[in-house]
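Please find the structures below.
Next come two complexes, and both contain chain A; in the first it sits with chain B, in the second with chain C.
Presenting the complex of A and B:
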């Protein structure tokens, strides 16, 4: 019997989107070149080699270990890349993803990553080229709307504030701006101006954002409308409280 | 020694009413200028507050600390002949009114000027009596129009703009 993973209960569009984000089967909406990505991450100069903290694993002569033999190292680990981070901030106003679903997506679909989830932001630490791979995936797919989500390494506040008049999430450092209907990145993650402006494409319309979001909202899909989700959340809470996550004890 | 009498009664019904205009989105300087200029032309507004997230001139923390920001919303706006530096992205406007008569006009102005939806609610948003900090800063004979406008980090001149358009005319 083949087992197909079930990621999230529910019949609403929000539940469906949550399943998509967790499983990684998301639609690709835009193209971002490697150089553009490197520029907005701001960790190294585009086109340069990845700096490394140790020699490639193949040259290091690792000790004999059955686990090492079983687990194939990621490309970044093989090459000895340094650890770098990417940090996403998502608006509360129908942004496609949320910190938890970015973390689920990262932890389930990528190896050698360390996702950290906070209320308004989500940071992933990984070997540099592994981190770039997942940052590119999340930026290019429907997990990100350029107006409602942003790469912010410092000063993340804005996710819980109202949107600006033009529909872009507030950023006191103005890393992105709306120009001629497209979102232009003009500063890197931490607010340093960049030489080349990076075009992230058109923002989603209000209707499209409401369709693609993973956020339950009373003005879109209310949480209480999703009966199956409620039932499962109640079940998890009850079993955790009554049986300490040991359903076998339950009569 | 004569002690100044301060308003202390909560049942004083002659107190001016306060309203808050709360747009559904944070508004651009141009829109703020248009809205406040129209509001300025109304008789009976005693005080106005604008609030919103602050726009720094430099990156305050992180690896790029100290880098200039140049946020386009941090600009100068004009109300009649008064020029004011806008240091926040405006998210709410609080007005103190002498009476309720101009509420309909304010509503009509908001409808004309604000491109997004908005709420107007009545409540207590600005101090009507001196706070302890106010008293310590300005003493017992302070102008009642400045009650509650005390900011320990700034001087009065940089935060408070007095529009005396009628007197000039």
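Presenting the complex of A and C:
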């Protein structure tokens, strides 16, 4: 019998979406070209080579090491790419993903990544081409709604603010805007204006966002109604508490 | 139950988020609206920012060197693009203040609160009296003690005794400096001149006075407060140094001792080391802080410094919330925000816990829930407490957290007000932790509720706070009841320097409240140290420790009169 990871408890749509994000088996909703991705990330000029911090591993003459032999380097590591980042901000108003579920998706499904999780943003550092692979994956799939999620390298404020009148998550730098029903990127993730406008496609409707979100909300899928999830949180809490208490040792 | 309740924050948020303030443009709307127009007015919508902008410009012109300029961000895009709104001070609905004025640099009351703690030490008199009586056969009587206290109230602010031709401090610069005494010995207390006595019977409800006097017994203690200006210029360690020097001189003068005799050394030692209680313990060398610096003030000590429990003992939730305010300001804004990080942002994290009645609403909801379900367990008392089992902690923390999370979901302005996870994590956990304490009378049970709240919060919203404290919040349950010596401290003895708390921004006020809540819930006269509780039961202190949040509001409104001002010795303008 082949083991299949279950990833997450719960019977609600939110729990189901969480399972999907962790498993990486998510629906692709849009196409982002490599050049467009490069432009909005803002790390290098589209079409240029990846800057490197060391020669390709094959030319390095590395010492013998059983671990090195066991672990296949990522493409970015093989080539000696520099470390770069991608940082997402996801609205609290039914954005499809959240910082922790972006991190889980990254850590479970990609290698050579260093995800960092905060309340308002989620940053992943990795070799540049490896980072681009996961950034493209998350941008193109149901993990992202272009109106309710945004690449923000700096000035990340906005995830918990009320939405703008047009349903776009507030951004003090207005990196994206709604234009003729689609989301147009006009600044890279740090906030520098870009020469070419990048079209990220249509925002999710309110109904679609509510269906695809991984956030429990009282006006959609209330947290308190997902009994199994609460039960598992309690279980984790209880076991960690008892591990520190070690009553058996005291007896 | 949750849906029938009048939210305490509703009125505050309606004023804050649906009305215009100064040049602030706010749509009417409703506090449940999920969308609003953003005018992107930047700093020009806020009167305090405008004042600061003008002053910054004037300073730059005057000195010919660039200074404060709020248009510096991103080449001219002002910070404050969303609505910059003032805040109400929780528990004081008429106090609406600018958020900038809750930074301790802009708030004289906040500075004074910390000054009043740092410049205080408690010095025992019994060892000194034994030295006088047994070694020198000098008779100590209430009369001699009164005389000594008169001498010391001259010497402690910097007046010379014994020495001739000494320079002295100007009394008008140090008029906040004084010493009083207290004792559990009723007979002695009766003989002490009223001006010198902190009268426990007068300051505390009878039940609390009995507890305190029983704890203190027939011992006698000096509550010494050195000048604010001295403390500010030096450090917390100066409090005992300064006090010991003046106490030594005053003993010599009052009891006619020989300034060179060996007993003087014993008196000095007792005044500086042996019989001294600092407000904050010394930190490990790597943090390089003296005693009486905020990192060493345990949560139990801060709970005792705050005096709400003696003036409002029948509302233990209120006691707890006042400690939240004091703790957020001292530990988060001053200690973590400045001593530990050197930053500015920590104030913003912390004020969430004592503004706009959001935390207050959550905790009072919890009190109702506990009283309904556990037969009045959140009311003041000992016999009404519920045993702190895992099931009880799970129940109370879960209900408290779900209620708080639902408020953020139902009221988008509450979420916008607490726009960072650090703020939400603090507020939700402070409510859950304090509720656990109030219900059980056990601070470690409250702490356990705090950590469950963190887990529930993270899981519900898929996010929590920031790198710096998410780790500690997720491993904290493991050390709540640990017996490992450095991990399993009773909560009252933990403090901001406890290993897992050393960088938990925004959390420390909540931690302190958990300690306060357990004892306020039981109706105890003190949480950890009866001496500290009595020492701060003194209306002569410039800062009113019975209502710290109101004092912060007065500071923000520029109504607070601090000590240690230097107008006397600087050119008049």
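In the analysis below, the second predicted complex is superposed on the first by the 243 of 251 C-alpha atoms of A that agree within 3 Å, B and C clash if a C-alpha of one lies under 4 Å from a C-alpha of the other, contacts with A are read in each partner's own complex, and residues count from 1 in each chain.
Keep in mind that, in the parts below, contacts are C-beta pairs under 8 Å (C-beta built on N, C-alpha and C of every residue); 3 or more make two chains touch, one makes a residue touch a chain.
Given the structure is predicted, the values throughout are model-derived calculations rather than measurements.
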item: Clash or fit (per the criteria above) of chain B with chain C on chain A; value: clash
item: Chain B versus chain C as contact partner of A:72, first or second or both or neither; value: neither
item: Partner chain(s) touched by A:233 [first = chain B, second = chain C, both, neither]; value: second
item: Touching partner for A:153 - first (chain B), second (chain C), both, neither; value: first
item: Which superposed partner A:241 touches (first chain B, second chain C, both, neither); value: second
item: Which superposed partner A:193 touches (first chain B, second chain C, both, neither); value: first
item: Which superposed partner A:224 touches (first chain B, second chain C, both, neither); value: second
item: A:162 touches, of chain B and chain C: first, second, both or neither?; value: both
item: Contacts of A:117 with chain B and chain C, given as first, second, both or neither; value: second
item: Chain touching more of chain A, residue-wise (chain B, chain C); value: C
item: Chain B clash site on chain C (candidates 57-65, 75-83, 183-191 or 273-281); value: 75-83
item: Residues of chain A at both interfaces, chain B in one complex, chain C in the other; value: 155, 157, 161-165, 167, 170, 172-173, 191
item: Footprint of chain A on chain B - complex, ascending; value: 23-28, 31, 53-56, 59-64, 67, 69-72, 89, 91, 115-116
item: Contacting residues of chain A [partner chain B, same complex]; value: 153-155, 157-158, 161-167, 170, 172-174, 177, 190-193
item: Residue numbers on chain C that touch chain A, as the complex places them; value: 33-38, 40, 73-74, 77, 79, 81-82, 390, 394, 398, 402, 405-406, 408-410, 412-413, 415-416, 418-422, 424-425, 448, 451-452, 455-456, 458-467, 470, 475, 477-484, 487-488
item: Interfacial residue positions of chain A with respect to chain C in the complex; value: 18, 92-93, 97-101, 116-120, 155, 157, 159-165, 167, 170, 172-173, 191, 214-219, 222-224, 229-230, 233-234, 236-238, 240-241, 243-246, 249-250
